[in-house]
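The structures come next, written out as structure tokens.
Two complexes follow with chain A in common, the first pairing it with chain B and the second with chain C.
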Partner chain A sequence: MSNVWLPCGLYHQKYSEDHGWWQTPVIKGKMILLLVLVFIVFPFTLTGYWFGVANMIGYTAMGALGVQLLIGYAGLVTLGHAAFIAVGAYTSALMILHFPWPRFLIDWGLAYPISIIISGILAGIWSVLFGLPSAKVKGFYLILTTMAAQFITVDFLITQYISQIGGRGQAFSLPPGTIKIGPWIIDGELKTYLLMAVLLTLSVTVVANLLRSKVGRAWIAIRDNDIAAETIGINIIWYKLLNFFVAGFIAGLAGAFWISNTAALSPEHFPWFWSLWLVGVILIGGIGSIHGVIFGSIFMVIVMELIQYGVMLLSDVYPDLMIKFLYIKESVFGLVICVFLIFEPRGLSYRWWQIKNYFNLWPFSY
Partner chain B sequence: MAVSNGFQLQVDNISMAFGGVQALSNISFGVKKGEIFSIIGPNGAGKTVLLNCINGLYHPQKGEIYFEGQPISKLKPHKRAEMGISRTFQKIELFKGTTVLDNIRLGRHIHLKSGLISGSIYAGKTAREEIEHRDFIEREIIDLLEIEHIRDKVVGMLPYGLQKRVELARALALNPKIILLDEPLAGLNLEEVEDMARFILDINEEERWKTTCVLVEHDMGVVMDISHRVISLNFGEKIAEGTPAEIQSNPSVIKAYLGEVEDLYATRR
Partner chain C sequence: MELFVMSLINGIMVGGVYALVALGWVLIYKCSGVLNLAMGELTLIGAYVTLTFYQIGVPFIMSIIITLIIGVILGILVERIFLDRLIGEPILAVLMVTVGLSFFFKGIIEFIWGVQTQAFQPPIFSLEPIEIGFIKISRVYLWSFILAIVLFLLFSAFFKYTHWGLAMQATADDETAALSVGVSARFVYAAAWAIAFMSAGVGGALLGNINGINISVGYLGLLVLPAVVLGGLNSIPGAIVGGITIGILQNLSGTYLDQYFPGGVKEVFPFAFMVVFMLFKPYGFWGWERIERM
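What follows is the complex of A and B.
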């Protein structure tokens, strides 16, 4: 009795086996192989361009993971997640540039790791602040309050005030050597890739663990039926705010990672379109599934890279295409969402689930 | 007058109106510990509103509700659940996207201790706690309600009768002191009705549970068979209270259900 297909003759003997993530030797082997691939094989085999793609996938996935928590697991529709990523990025950058660190912390390379955690917490608190209306409103009305987060945070506070700190105009740039973890200076693509892989693995682990414990179940209960959730003793306001906090925390981590990837920071990195994009990622990947976040991010980033490649090829014939790339990107985004909503409304993760089931029963599928 | 007469749950003179509709007017009654207490009445009599008031989904405009001597009418539903009030719904209100087991686990919510940080690490105490509660659910609830075969099924896919049973399982997982059952038999076939009635008696009588049951039901056969005491509502007013036998012979109850005797003649003619 388990929620995965077990091969013939394999039975769980203890409840702990049934509660585990990786329930059969095959799954365990597969996941260890994946970790080996991500942490050992890729760092040695990828080249510059592909590290960039992988970092973009990781950054998208971390943002989308927060959106998935809000929309997919608690039913809190959000269209302002880029704001919390921005809060994380700016907190981390400002702490590195302007915080009076004691000398030894900089020497030991702890300034950036500490700023990652602080930016996670601050982005979480900022997210809770804009989550407060969820105590009273839901659905379409909540979309408006989260959009307010986007416009107040990025378009007003950050553009008008925070990005003026230091008096160097709109963009912050982080001098080389300031982003440092322990003895390693995060400068090359390989190091940012490893940082991304670690942060993403940690966030996915935390979310997956939460979802099989008390807190995550309470979120799912609120998503499915908030009245019943209240009558079985779930304090729905508290758990909604907790959800906003965790989603904001992960967004903050993503933002703090982003500055190591670009070494520069400007409000244009966090437009409202990026919030919409993250929602699109989980729509394509599948709502209510962690697999969906990863699949959606990989799909969207790869598709965009392919389009860019195609446009570059065609630009000899039609030079206009290069100029209008932004429009092409946005219309393809819209088209992909439409295609998915019509033909695969449950997203890539559902397709994955179907393929897995097919092979679980193959070749005797009856 | 709160605790003086040994009632576990006491409803004291509550009134509730929705705009111009008086859903409840000056209702008072008490439920003793360990009894099966039924609320009957024609459609629209205010039975579900009364349960919602006890449970906290509605707040009565007048009057007070006492649970084990404490006034509770200002408390939110989740606080009342922590005090030991649990309920099922007339229209099934399960968490449709999750499995039967997860629904019952959610019923254990108030007994679990893990928080955000311990839950995200999920080692040691949290993992042990999950296993302990899983053991409780398997031993006490799934076994009692005979739903072993569906524990990993997604709730939304189950037939109606089983969904009703899962809802009872979830309410029971709270380990409640009092359980409010809103039409647990509605829409069930004869066999399922018999099963459900047996479960209600089990919950009420077994040494392990000894839970007080407040039952809202239209199936008079079952109500009269299993309840200790019954009240009857009509248009938001209490018209009778007593043992099943007293209720059955009460003229105003008969009138509420069947109409005036002269009306009967009028329709026949």
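What follows is the complex of A and C.
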């Protein structure tokens, strides 16, 4: 049984078609249109500010994708994902700054790409380390271990030790020209945008395909009922740890991308707030859906930009408001999460699904 | 040896404060089955409200009583506005609503009271420590310790002997089953949140006396998590024992490990301990072990 609506007259004749990714010409066209939009139309039409917004959306979405894998597909609630992003970011920055690269690798501009992959792997391993208790506990107790990951990694190890490397205090800054992929130096907003788009597309593709495979089905079985999953022969510890690894890997990629976006790095970029923010993003987007990750990121980033804009407009009348912007942001974020959970518990992706179905059946919706 | 005894006693006293905050976590978990991540902010609200009344000239005891009343009102309000609609929803939704509430409250607190440290002026507890031999005990810690013990006895009796206490535990264990035998879940949740606000209010008022109140007092709500885990999420004696154990561990690690790992080893050691501890004893010492059936 295929999981999409097939238009009249279109039949699957082979199992491979039934499992296909883009099953109808309409979907195929839509996806190609989306890729064209992201990779060709946006780079030529967006301007400076909007690139910044798009990069923020991409960074949020990459982080939230890992959270979605953990919470939405394996039922492992995490409240410490920023720690793994931080591990990725610091690994990549340290490798670029202090690793004794052979000359030819730097000349070919391979240092940064290699560091991206290594930071992904390291963040994944770090994530597995804190996922180990998931073998024994679940629910609230697991939440506590992931919170411990946040405090141990960011507030202790990174703030106290790792950011002291190089002896320049808290913040790392990456000199211009060190972040280089092949012949291109990643400096402008356009180039970071393209890097973001490539990384995000790759990770979404990998995750979406993983979810259609044996691994993804095992994760979903564990999420729905882990005892039942165990009885049908799924090695739940192995798959849970694998889930932690993949989520951590994507977090590592997000972290490594972040240094190209800011060219500076400090522990304050990865507060506990950011971990909760990512969970908020997927709650608003919809749990258990990759669409949800993207919708949630777009929604949250745009809403925050709108609030900032509104505060700036009001700041002529109430100058205090600008200083207190951060507090308003926090309050609004909290309220948005509460309102979504109460009135739209299935998130934006469910709305999207409803709209899509409406048009699939339109005009004969009976 | 003197150093060891000193750290031990200090640890026990600090542990009393942790136990007080941990009690708030355990109470709301025991009553409604929700891990309330807004606990730190509730503590802050309690501290600031008490401070505000104290500053306009109300005696300390009276301001605490006013805080308790405001706490009950706020608790019932929060429950009616936000959590009432979530009865029967998955537990993650409720948890995340508490996260949302914590941000909401935090923003409001910062908006109203600012981020500067404010202290109780004039101080309520004399700064002179009580001396027994070479051991010095600060009065605030002693009072928190005593209060934690008193509240522990009070709530233990409440859960063991009263009708309401049993109804609350039943709801926490299985909401649907409790509803079917006629327990009003709405009432239980309202009461749970009122109790949480009240205990957090008293805790906050005492904590505010130690180093003054600022937004970081709210983080203490998170730092006691290892204590809660150690004792088990739904055990009131566990909260007390866990709080004291974590207090001792923290002070001993501060005394002996700080020279090897300079920096914040004192704050992080309990968390590291917690992760390892959970590998061996996942439900704490006295937490209910969930037995699942298919």
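General remarks:
What we mean here is this: the second predicted complex is superposed on the first by the 365 of 366 C-alpha atoms of A that agree within 3 Å, B and C clash if a C-alpha of one lies under 4 Å from a C-alpha of the other, contacts with A are read in each partner's own complex, and residues count from 1 in each chain.
Going forward, a residue touches a chain if its C-beta (ideal position, glycine included) is under 8 Å from a C-beta of that chain, and two chains touch if they have at least 3 such contacts.
From a predicted model like this one, the values you see are computed outputs, not experimental measurements.
Once chain A of one complex is fitted onto chain A of the other, the partner contacts of A:Tyr141 are limited to chain C, with no touch recorded for chain B. When both complexes are overlaid on chain A, the residue A:Tyr15 reaches chain B alone and has no touch with chain C. Of the two partner chains, neither chain B nor chain C is touched by A:Leu174.
In the superposition on chain A, contact of A:Val246 is made with chain B only, not with chain C. Put simply, more of the residues of chain A are touched by C, taking chain B and chain C as the two choices.
When both complexes are overlaid on chain A, the residue A:Ile236 reaches chain B alone and has no touch with chain C. Once chain A of one complex is fitted onto chain A of the other, the partner contacts of A:Ser213 are limited to chain B, with no touch recorded for chain C. Looking at the shared chain after the overlay, A:Ala228 reaches both chain B and chain C.
Once the two complexes are laid over each other on the shared chain, residue contacts for A:Val128 go to neither chain B nor chain C. Counting contacts as defined above, chain A residues 225, 227-228, 231 meet chain B in one complex and chain C in the other. Taken together, the chain C residues at the contact with chain A in this complex read 29, 35, 82, 85-86, 89, 91-93, 95-97, 99-108, 110-111, 222, 225-226, 228-229, 233, 261-265, 267-268, 271-272, 274-275, 278-279, 282-283, 290, 292, 294. Contact residues on chain A toward chain B in their complex (touch as defined above): 1-3, 14-16, 18-19, 205-207, 209-210, 212-218, 220-221, 223-225, 227-236, 242, 245-246, 288. The part of chain B that touches chain A in the complex is made up of residues 55-57, 76-78, 81-82, 86-87, 89, 93-99, 102, 105-107, 109-110, 112, 114-116, 118-122, 126-127, 130-131, 134-135, 138, 151-152, 170-171, 174. Against chain C, in their complex, chain A makes its touches with residues 71, 77, 79, 130, 132-133, 135-137, 139-141, 143-145, 147-149, 151-152, 155-156, 159-161, 225, 227-228, 231, 272-273, 276, 279-280, 283, 287, 324, 326-338, 341-342, 345.
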